[in-house]
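Shared chain: chain A. Partners: chain B in the first complex, chain C in the second.
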Partner chain A sequence: MSLALDKPRQPRRPAARRGNGELYSWLFMRLSGLLLVVLVLGHLFIMNILDGGVHKINFGFVAGRWASPFWQFWDLAMLWLAQIHGGNGVRTVINDYARKDSTRFWLKMLLYVSMVLIISLGTFVIFTFDPNISN
Partner chain B sequence: MTSAGAPERSGTTRGGGTLYRGDLGMWSWVAHRITGVLTFFFLFTHVLDTALVRVSPNAYDAVIETYKNPIVNLFEVGLVGAVLYHALNGIRVMLVDFWEKGAKYQRVMLWSVLVVWVLVMIPGFYFMMERTISDLVGGH
Partner chain C sequence: MTATAETTAGSRGSQPPVPDGAVTVTVKIRRFNPEFDDEPRWDSFDIPALPSDRVLNLLHYIKWYVDGTLTFRRSCAHGICGSDAMRINGVNRLACKVLLKDLLQKGDKQTTITIEPIKGLPVHKDLLVDMEPFFEAFRAVKPYLVTYGNEPTRERIQSVADRERFDDTTKCILCACCTTSCPVYWTEGSYFGPAAIVNAHRFIFDSRDEGAEERLDILNDIDGVWRCRTTFNCTDACPRGIQVTKAIQEVKRALLFKRV
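Our next item is the complex of A and B:
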């Protein structure tokens, strides 16, 4: 067992060993944001105005839309990008406002579980949608 | 980042810098956070209700039927307003970060965001509420 001695002028706490994760997260927010501007504003405009809003929506409407691979892909891209973009935003908010490490940890766990749940469920539904499913 | 105990002077013009705390730029950031978090919570619900198409047409239609009323219609306008602000201000943030003159024009861009928002939301409100308003006023 060797005796551990501090080096002269060693900082009391070593500098945090962080990778480039936060840089990639920052960049991702901007790239995904740019795509989401088109995907989400397009989706809102089509659904709420061009196609007549919620009064026109029922199972048949969804079936008609997902008959097209274009809209399936649109919705899939929107689901993944919006979940990761929004989840990353909420992660930042939790990091900013949680005061205790345990609170921060559990809030983020709750967030990650909800992200995995929503992305998996949404992807599953888009890929296995059956327009002829029975009532 | 704790705001408590942050030096009050750090941003004042006295120090030669520019004021951030309490200034318009700070409120644009606050609004960006609030609209973002609200939209994220909405998305959670929206994916769950749409997933009902995998259960049965009746289950999906029954839930969507509960959305066809003036209150939810008004929430939809609110959602569109929140997403539109978040999108426009997001573009402004990208311009501040990546455009060499972005920081210089951030204040002008914020006012442009607000003007565009109002110009889009006025017809947007009308077209989204058209059906609800005619139902309420005209009856049938």
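Our next item is the complex of A and C:
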């Protein structure tokens, strides 16, 4: 910076760095929301409207879909985005409404644990799904 | 009305004659006296008023002629000082800027006006709240000119366009209508609130000021602008017509794109 200070005792104070966590979480909500509109509406359309709707869904149908990496990725993206988007939303609700610090901490811990559990379980199923399991 | 007048008379003696064209309205006030009450209670007053009266006139009438213990703030009584912010019929307004004719019921129905203290701040007595948490948030965003280096020998010149940039947020009178209308502020008092962000906006976008980065960092915090849920309560509540939510969004944009 080429700013010449002619009063050395009045230095330009560096701004207090507080991190951009809240900014990124706010931005993530907008971007993941846009993606989820496409992913979820597409998912609902395929599952509930196309080709006889919900009655066609059975083990074989799911197995057929997950044979393709495209649908594996689709469901994986939907799982991760929906979990983190929803979890982040609930996190802000907890931040807004929890009155005591200890309540806030434990509610958030419960939330994070459930998020990690569901994301890992879902991811595990998508990647290790065995279509011959019934045999 | 007369029954209470005997025990707790108004501060200015007997009631003046009722003027022509006056209607009787019921004013329902949420009151709290820390010396006697454990919980806030509702008090109703039936008083004569002209449609051209402001709500503040009704409060004056009650205090002066009916019940002198009624406590509220007011100073200029003309919408400039920002002292008499209160919740009138469920929305935050300045009592000196709301006309009775806009609250009257159609036809011959009895009009009831509810008046409560602004929400989210501790109530001292009746409509009088502790404004300190509000001003604390205001001070935290450094609402003054921040510059570095030597003072110029001449005036700090600014173009019309640069002045226009923050014109809207210079109108704030710190009445707390916006901050105490915000649902996030009601539940979580550590949020800076709309008024503090408006006053930060006034300096962040001032071309003469050099403290934008410091203020933006303060508002980037967990209690800063990202808490805003864009419910627009603040914009609706502002008696000066400031586009409060828009100002908050402009601060968010400045943080997002690192550009003032």
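Just so we're on the same page, the second predicted complex is superposed on the first by the 112 of 135 C-alpha atoms of A that agree within 3 Å, B and C clash if a C-alpha of one lies under 4 Å from a C-alpha of the other, contacts with A are read in each partner's own complex, and residues count from 1 in each chain.
Definition applied: a contact is a pair of C-beta atoms (placed from the backbone, for glycine too) under 8 Å apart; a residue touches a chain by one contact, two chains touch by 3 or more.
As the structure is a prediction and not an experimental result, all values here were calculated from the model.
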Touching partner for A:Phe129 - first (chain B), second (chain C), both, neither: first
Partner chain(s) touched by A:Ser114 [first = chain B, second = chain C, both, neither]: first
Partner chain(s) touched by A:Asn48 [first = chain B, second = chain C, both, neither]: first
Per-residue touch tally on chain A - higher for chain B or for chain C: B
Touched partner set for A:Asp96, first chain B, second chain C, both or neither: both
First, second, both or neither for A:Ser25, with chain B first and chain C second: second
Touching partner for A:Ala67 - first (chain B), second (chain C), both, neither: neither
Those residues of chain A which chain B touches in one complex and chain C touches in the other: 96
Sites on chain A touched by chain C in the complex: 3, 5-7, 10-13, 15-23, 25-27, 92, 95-97
Chain B partner contacts - residues on chain A that touch it in the complex: 30, 33-34, 36-37, 40-41, 44, 48-49, 52-55, 57-60, 62-63, 79, 82-83, 86-87, 89-90, 93, 96, 114, 118, 121-122, 124-125, 128-130, 133-135
Complex interface listing, chain C residues touching chain A: 148-150, 184, 187-188, 210, 213-214, 216-218, 220-222, 224, 226-227, 252, 255-256
Chain A-facing residues of chain B, complex: 1, 33, 36-37, 39-40, 43-44, 47-48, 50-51, 53-54, 56-58, 60-61, 64, 67-68, 72-73, 76, 79-80, 83-84, 87, 90-91, 93-94, 97-98, 124, 127-128, 131
